[in-house]
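Notes follow the structure.
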Amino acid sequence: MSPIIHSHSFRVRYGETDQMGVVYHANYLNWFEMGRTELIRSAALSYRQLEEKGVLLPLTDAVVSYKKPARYDDLLEVRTIVEEITPVRLTFAYEIYRMPDEELLVTGKTMHVFTSTSLRPIRLNRVEPELYQWLELQQQGEGAR
Amino acid sequence: MSPIIHSHSFRVRYGETDQMGVVYHANYLNWFEMGRTELIRSAALSYRQLEEKGVLLPLTDAVVSYKKPARYDDLLEVRTIVEEITPVRLTFAYEIYRMPDEELLVTGKTMHVFTSTSLRPIRLNRVEPELYQWLELQQQGEGAR
Amino acid sequence: MSPIIHSHSFRVRYGETDQMGVVYHANYLNWFEMGRTELIRSAALSYRQLEEKGVLLPLTDAVVSYKKPARYDDLLEVRTIVEEITPVRLTFAYEIYRMPDEELLVTGKTMHVFTSTSLRPIRLNRVEPELYQWLELQQQGEGAR
Amino acid sequence: MSPIIHSHSFRVRYGETDQMGVVYHANYLNWFEMGRTELIRSAALSYRQLEEKGVLLPLTDAVVSYKKPARYDDLLEVRTIVEEITPVRLTFAYEIYRMPDEELLVTGKTMHVFTSTSLRPIRLNRVEPELYQWLELQQQGEGAR
């Protein structure tokens, strides 16, 4: 019984490299964001629709561990899971792999709170109970069904 | 009688370079934006305050000409002028120099319209007459006073 | 007889928006770069391999025309053509559409020179004659075959 | 006896905001990089010169804690210290304040290894003994002199 993994593939852009000849380290946070966007898209509700309904997920913490560098035009895959979910907080964990050899390049986590558009804390289980249950299910994994 | 030049200095950041070992070309548009922000700051009204009052300046066109590359940690200066101003449109022109040798690296222009926060066109001379006059004065230059 | 169009689809990332609620204008240059990368990938030789062989394509000019704003999570398509090719210069033209309604959002061009890794001009037809011919064919279009 | 604090001020750029109306979270990593660049500039040797001598400082880990959001045009100050230094590793710690009210917005750390330009580990105390001693002094603080 482990969390459901959501995968998303993309290529490294030229502007994402730096003069070291590898990807500039800040870009991995953008890719984590793509990972969680695609995870949420799997629900009935996209993250964009979620924002339109007035629910934001600002970050409170981010952690990144760089193992091997990604390079221009590499085909990468970000794998995202819901690591922890409570009515007020959400933690995603990420792994970024180079494909097709599946070399693990970077791991990380981002911690979020649920807020209104004015950045005030809200309880997701009250505001969007269906999404909340869906996120719980992602965290508990297939075995929980 | 030439437009008043507004200068702003800054250093090239590491993440702004790419694997060619020079600044990635898209960053010059960010620096143009710094140039016009600093130009408008010289008025009584900052661009941030302008937005808070409901006036936006979305771009309609941008032109960039790359002469020589900027490199990491270069000290640069962006020089900005109001090239053209009408009640509905505004054109800024920019030159980016490497300092202190004043080597000209990049030139460009950005064309803007004045809109409300819902991106509908507005006439600046009606909504913000003082700023409009100030911008006209920047375009006409010292001799016009 | 018109140039061969190379299409590439992608989604707008959250970090590509700004506080106007739309895509920050500099990002379209990144997307143009994705467009030409994918165009060149259609040749026998990828742009990355081209760089590894010592051929760079630095920009000399860029022109962007903004018609309608792209928004977070929009599915976009960049369509790229070789507009002009000579032994020393290359011009790409781009159109960015929102999908699936095919609304045209942005058009633009980028002009490039062929250089060595030390940024000295080279003649592509001598250094990489096969790629040069392939680029000419893209410019001339299907009818030229 | 505490580490020497290196401060550097800058303004938030428009393109650094996102549609939440605040700074996009990945940008703080760029600002940390500005902080350590300015710290190293205080030494006899700039980071750029360091790279030209063949010494790189790739990241192995980054940690960011977001307390309050920064906004467009905010005047910010990044305060950087050398938290830990060994012949093979270096940890910087950062605090980002909004000025002039000195509100603490973000804290973080980045961990680095010393490598050659081919990204192989090196020992800084052998390759650049003067810089190594200077970094030790920054970590130990004024009282250590």
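By letter and in written order, the chains are A, B, C and D; residue numbering begins at 1 in each of them.
One rule holds in what follows: a contact is a pair of C-beta atoms (placed from the backbone, for glycine too) under 8 Å apart; a residue touches a chain by one contact, two chains touch by 3 or more.
Computed from a predicted model, the values in this text were never measured in an experiment.
Visitor: Based on mean C-alpha positions, I'd like to know which chain lies farthest from chain B.
Guide: A
Visitor: Count the C-beta contact pairs for A-C and for B-C, then tell me which is higher.
Guide: Most contacts of the two pairs: B-C.
Visitor: Any idea how many Å lie between the Cα centroids of chain A and chain B?
Guide: 35
Visitor: Which whole number of Å gives the spacing of the CA centres of chain B and chain C?
Guide: 26
Visitor: Rounded to a whole Å, what is the gap between the Cα centroids of chain A and chain C?
Guide: 29
Visitor: Send over the residues of chain C in touch with two or more other chains.
Guide: 14-15, 19-20, 22, 26, 29-30, 33, 51, 72
Visitor: Spell out the part of chain A that touches chain D in their complex, as residue ranges.
Guide: Against chain D, the touching part of chain A is residues 19-20, 22, 25-27, 29-30, 33, 51, 56, 58-66, 69, 119.
Visitor: For the complex, give me every residue of chain D touching chain C.
Guide: Interface residues on the chain D side: 14-15, 17-22, 24, 26, 72.
Visitor: Per the contact definition, I'd like the list of chain C residues that touch chain A in the complex.
Guide: 10-11, 13-15, 29-30, 33-34, 37, 46-48, 51, 71-73
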